[in-house]
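The chains carry the letters A, B, C, D and E, assigned in the order they are written, with residues numbered from 1 in each.
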Amino acid sequence: MTHAIDTSIYSAVTDAIRGEAQRILSEGQVSAVVGYAAARRKGSAQPIVINQADDAAKLIFTPACVNNLAVYLTKAKKEIPKTGKIGIVVKGCDLKALVGLMGESQLKRENLYLIGIPCAGVLASTIQPDKELTHDSIASKCRECDVHLPTGCDFLPSQQPGTPELEKRYAAEIARLETMTPAERWKYWKEQFSKCIKCYACRQVCPFCFCEQCLCDRNKPQMVETTPRPAGNFAWHVVRAMHLAGRCAGCAECERVCPMDIPLNLLNRKMAKELKELFEHEAGLEVNEKGPLASFSEKDDQSFIK
Amino acid sequence: MHVEKQKHDFEPKIIAFVCTWCTYAGADLAGTSRMQYPANVRVLKFPCTGRIDPVFILKAFQQGADGVLVSGCHPGDCHYIAGNFHARRRFAAFRKLLEFVGVDLNRLQFSWVSAAEGGKWVEVVTELTERVRDMGPMQEFKELAMEEQWSGAINTPELQEAYNQI
Amino acid sequence: MSRIGVFVCHCGENISRTVDVERVAAEVGTMPGVAFATDYKYMCSDPGQGLLKKAIQEQKLSHIVVAACSPRMHEKTFRKAAESAGLNPFLCEIANIREHCSWVHENREEATAKAVEIVGMMVERVKKNRVLPTITVPVTKRSLVIGGGIAGIQAALDIADAGHDVVLVEREPSIGGHMAQLSETFPTLDCSQCIMTPKMVDVVNHPKIKLYTYAEVEHVEGYIGNFQITIRKKARSVDEDKCTGCGLCMEKCPVRKIPNQFDCNLGLRPAIYVPFPQAVPNTPVIDREHCIKFKTGKCGLCQKICGPGAVDYEQEDTLIIEPVGAIVVATGFDLYSITEKPKGSSIKGYGEFGHGKIPDVIDGMTFERLASASGPTGGKILRPSDGQEPKQIVFIQCVGSRAREKGISYCSKICCMYTAKHTMLYKHKVHDGQAYVFFMDARVPGKSYDEFWRRAIEDEEAVYIRGMVSRLYQKGNKIVVMGSDISVGVQVEIEADMVVLATAVQPRTGADSLAQKLGISYDHYHFYSEAHAKLRPVECATAGIYLAGTCQGPKDIPDTVSQASAAAAKVMTLFAKDKLEREPIVAKVKEAGCVACFYCKKVCPYGAVEEKEIRDRQGNLIKVVAYVNPGVCGGCGTCQATCPSKSVELDGYTDEQIVAMIEAL
Amino acid sequence: MSTLKYSYYPGCSLHASAGEYDLSTRELFKELDIALVEVPDWFCCGATPAHNVDELLSLSLCAKNLELAEQVEGDLAVACAACFSRLKFTQHTLGENETKRTQVEKALDAKVRLDGNVKHLLDILARDLGLDKLAGVVKTPLKGLKVACYYGCLLTRPPGVPNLDCVEAPTIMEDLLAAVGAETVSWTHRLECCGANFTLSRPGVVLQLTNAILESAKAAGADCIMVACPLCHGNLDIRQQEIEGVYKADYKLPVFYITQLVGMACGLTPERLGLEALIVDPKTLLKEKGLL
Amino acid sequence: MHKKKKMIISQETMDIQFVRKVEALSGTSVRRCFQCGKCSAGCPMATFMEHPPNRVVRLLQLGQWRRIIEGRSIWYCASCETCSTRCPNKVHLASIMDALRKLSWDAEGPSKESYVQLANKLFLDNIRTYGRQYEMRLAAVFNVKSGQFLKDMMLGPKLLSKGKLKMFHQKNKNMVEIDKIFSRIEEMRRKGEAL
């Protein structure tokens, strides 16, 4: 028996974002708006960039609007024209990524018009995009979401999302792994990483992987083996987790797009948890001038150092 | 100081990443004081622990190190003002990551060894060598390096379904 | 293809006793890229170096590895030798097989095997070494001194006397700083004015010193040897060139009752004023906040009576750019005040002492003004409230200092001595009075200091009470002091006529914003940080910037003057050469890969990373990247370890070199 | 229509020796249209004796009361300075010290709730209601009455815990009295301890400390003293005659509760304020000032 | 007669374990104190104490707690928090005093200063039995138990006439819960889970 999650506000939210997009485009406040539009399959959604006020009616918000649109604004991907102010439709989790990008000089707040979404959650998988949002079908990240209502947006529809208390699967899985012996954990990750086919979909979808030249692609020197062999895979995922530590706010897009179903977000969430415990830092809450790994306190823990 | 030499079945390979101002000088002092320690350690000199990239540690394990030591100036003594403070944070995070993916942290040692602490250098190196020797070779990375094939299990329903369709 | 030469040193028997050096040379000789390998008794000796030079030339060696003692011993020697044979010195590396091998192992087999591996690692490393040209930076031989107190004056005079131009910037209308306010100075009790004023005059008359008073540093650009300083000269409303300093304007000014800050608000001054009679320059300034002309547009008396026509109401702030090669920061201190602080402030006031509202509870500086012969009372100790002479006077030490609950845990260093001095001055002026001092420890180390303190107790009969004061309150015209004497273990109550608080020395308000302009670091109190507490006490970590006086931490006049002269000497050392040479171990940005996340800038302890715009020929912005100023970079490499795409690289310690070593294992 | 709503913790004294404080509080709040709902079946906070010898017990009792207060809507209003101090101290300590929180949760067999606001009546009158609003409802300004405001030790201390006002130089009582038209005197002993802890066990100590307070108030030219704590009141009022005897002094200083003075200004009758219950008779003074 | 014993200092005579207990209970560090004496300067009760507050901390720093609890200083503390408020080093002396009283009670039982203890104990008994304080009963029982039958006798009738002492009291519905709290704390102490 699965409980449905109330998404009745989404149609009102859709109306609100359409109205706002229409207004800011027609008033010339922004040159384009990044949002979601219906895709071909019934119930499915896809990212869209509109620059005509008339197109605002194409915008939607449904449980199938899974993508983190922040990725379309980062330099390396260059999807959006650089000139002018851009509107973007953001869920709370996407906003965290935007906040992170602002702290890393990749975006400027004044160049963005943020259209926030009161979000009760989105689907875990869009294989069946018209599936009802239930306690089972909801994305894992939404189960532990603390930003159903994004704050600091330029516009936020007034609807209040219902947010039932759900079992926290990531937290539970991290806790489970933590109780294992190192050997058991090694076995677990070896199995997971070995599946990797180095398609780099995780890198492609990640808003924080904005390097023009990835360290892991370099060959002078070759820091990370590039072939999809177990050794190279292991290095790739560890290096990536380290590079995202203190930055990733857990949008879990890497995990969603992974064709081999590697639980990639577990690594990122584990690091987020550790950095919170060690340095009281949480990614994506404020535009930090310095991230946790680019700053220090003289009082930092050094119990692990002899 | 004479140490009774024993033959061991296994001699671990230890790689030490050290800063030039404190720990490298401390190791020099151990030399000028003719202190004795196991010959297993290979020292890589860096200007500062701040320069030490976590990838190097990973790389060292992948290249067959059985143990890794990272050592630099005590907090507040950094020749470059704050490099060791940055390093301390970076490694505090990185060791948690390694631990999470199943690396036994007993193989990874961090220490502050000043230019005056020749004795501490000997102590740290000896302790790590002996500990790693007792643990045996770092098989995990070596095995991983041997594996050529895609070895993942088809362990989710989605993958199973995809596999069936092939 | 590299042609590497390897030279294995015996070091007499120091290495060869445990390491089979011939075998090392033989085994290394077979390594790919090694064209020449040999061993020699003493590589560092003249013949040894000759061997190396000869081999470079004869064997056409491209890289050198010397397997010998620690690089900390002879790296420079061998690099110089390589250089003299025509090889870039940074193509020579040292493999440490003495301190790290032969001296710490006894088993010859093990030690030899280890030595081969150590040399092998260095062979792989040296292959990736690149030619590094020595970096030279031109030096502008002019110096900026910020702050015209005793520290700034001393540093400016020393540098100027050495023949270099100095630009001295002072925020107030006159130089002199806190020292000009003092009455007499410990431990000799000579009059502060008498030793200070001549120095102030020297400054203004020195042909090499350009003095800007009533001016502040607005902006700093550049790096060691090449700074561009923008100075804001605030509108004085009096033309310094025309003014003769006759003082007529001050006499005629109708606004007369403005508390004079220089006298700790005890005395009064007009709206057009010099802070004190011996001010340098002796040019008045108009206090626009109180001047009738500026408030209402009327009056204008001073302009009318000024013979030379120096008064100029239209004057505006001006910005001046000065190029300098070195900066001495001597901005001094503020005195802590016990007044109530804004909510949430990390520094707290002293409600238990009345938050500064009890008129006869004053601070040490106010006491200095009372005791000063040129002060508002002409040197008489009189109570601010009623002008009576206090017969019972209580001094309380450690007010603000050493009180972490109030936000300051450090010792202000000077208060023990000046309080002892105050008790003496008091006794000299009020013969029938009694001074009491509440104190915790007497911290009086220094030449003739302890003797001075003892004199206060033994000869001048000040009563020292070991214990602090819980509360002060006004009772009639007395101040009740509730203290304790912990030596006896009893409470002490004194009905005092006046209480003098030895309040803490604090960094200047705004010290942090000046530091940010200069790119220097400061501690959490905002005292500026020296590069090394023991070995580089007057230099900032930022090259070319030096510290003098209390901006770096509390200190007394002798220490301040010593540090100022030391800072001046450092400036002269820098100016002794026309060009600066430095080791080329600096970080460089590979602009193609840089995505301008500026993590490098965030972690750089030297502030060496700048933002650089790349434009096409039409001037359109293509992208912004990081740029490492080689003159400022300290060479720690923290940027490279932090850079996600490894687009910044530390020469001499590149990823290629390090990975080559790891892979050699 | 009342917008201000509070749960109300009177404390033991207000149900006994300080009945007039309870009465005047209820009446004044009724008059000001502030709703007070007494916490059902609250019990003793443990006051000084509990933390004096058993801090864990003290914390547990307070935490339990905080839990009980959650049943009633609104912030928790506290009249007694001692109860206020203990409840605030409990919130502060349990928020900071995890070990103690765990122990208290074990003693209560429940999670402790620390998020509720605990407010002293002074805070409610001066800030929630506001001085301007209060001044607006004054019917008989307390003109000519020279009051010594006595804070005692527990209202403001220690720093960072009750956060009612500045620890060393609070003004909240003076501000309130200014709003109702009374004059306040500047005096030295407004924060000194009256020794309430020793009321039962060492009355001699209490007499000495309380005498110093009365002496200081008198010297400053006060007509009367105002308090916001039943324990202070007990010592200053009930023991005043005894003190006069022991120290051969003549104080005759009526000791009012804050609610009584503010109530008077708001036009409440002496009966509603329980003025009868005061031991040092205030009638002469009030008549003299034309307030009765 | 009070003779001052010589203090023999060694690791054995400095009872640091006891000091740790004080620190745990009070949540404050005694080592922070640098003996400025500000606590003693402002203490309203210092004149009644043979060890002024600063010395109590000093004795703790030296692990000499017996010297403290043999005396009466801790029982003369009025808990007014003046010391904690003004301490330049955030030594929460009032809490240290609480801890010392608790540990003294545990270690020594009633001391010669037991008047205060008796009052405190009665107060707590009252809470356990009635849930609230009943001053009349408290005062009466205290006077009986401390043998001062006539103390404050003059006050009684006056207070009764003013309605200030209530002869009867209501029963609190939470009595069971209160008793449980007391029992659970006792239980925790038995098991060594709390000091």
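The criterion applied here is as follows: a residue touches a chain if its C-beta (ideal position, glycine included) is under 8 Å from a C-beta of that chain, and two chains touch if they have at least 3 such contacts.
Bear in mind the structure is a predicted one, so any value in this text is a computation, not a measurement.
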{"item": "Labels of chains that are neighbours to chain B and to chain E", "value": "C"}
{"item": "Distance in touch steps, counted as few as possible, from chain A out to chain E", "value": "2"}
{"item": "Common touching chains of chain E and chain C", "value": "D"}
{"item": "Farthest chain relative to chain A (centres taken as mean CA coordinates)", "value": "E"}
{"item": "Most widely separated chain from chain B, with each centre as the mean of CA atoms", "value": "D"}
{"item": "Leader among chain pairs (count of C-beta contacts)", "value": "D-E"}
{"item": "Chain centre separation in whole Å, for chain E relative to chain D (CA means)", "value": "23"}
{"item": "Chain A-chain C separation of Cα centroids, rounded to whole Å", "value": "45"}
{"item": "Intercentroid distance (Cα basis), chain D paired with chain B, Å", "value": "64"}
{"item": "CA centroid of chain A to CA centroid of chain D, Å", "value": "54"}
{"item": "Of all residues in chain B, the ones touching two or more other chains", "value": "54, 59, 82, 86, 90"}
{"item": "Residues of chain C touching at least two other chains", "value": "352, 405, 603, 642, 655, 659"}
{"item": "Chain E, residues touching no fewer than two other chains", "value": "82"}
{"item": "Chains touching one another, given as label pairs in label order", "value": "A-B, A-C, B-C, C-D, C-E, D-E"}
{"item": "Complex contacts: residues of chain B adjacent to chain C", "value": "2-3, 5, 13, 15, 20, 24-25, 27-28, 30-32, 34-37, 39, 42-48, 50-54, 56, 59-60, 63-65, 78-83, 86-87, 90, 122"}
{"item": "Chain C-facing residues of chain A, complex", "value": "75-76, 104-106, 210-215, 218, 220-223, 243, 289-291, 293-295"}
{"item": "Of chain D, residues touching chain C in the complex", "value": "159, 166-169, 188"}
{"item": "Footprint of chain D on chain C - complex, ascending", "value": "340, 350-352, 354-355, 405, 473-475, 480"}
{"item": "In the complex with chain D, residue positions of chain E that touch it", "value": "24-25, 27, 44-45, 48, 76, 78-82, 84-85, 92, 94-95, 98-99, 101-102, 105, 115-121, 123-124, 126-127, 131-136, 138-139, 142, 146, 151-152, 154-155, 158-159, 162-166, 172-174, 177-178, 180-182, 184-185, 188, 193-195"}
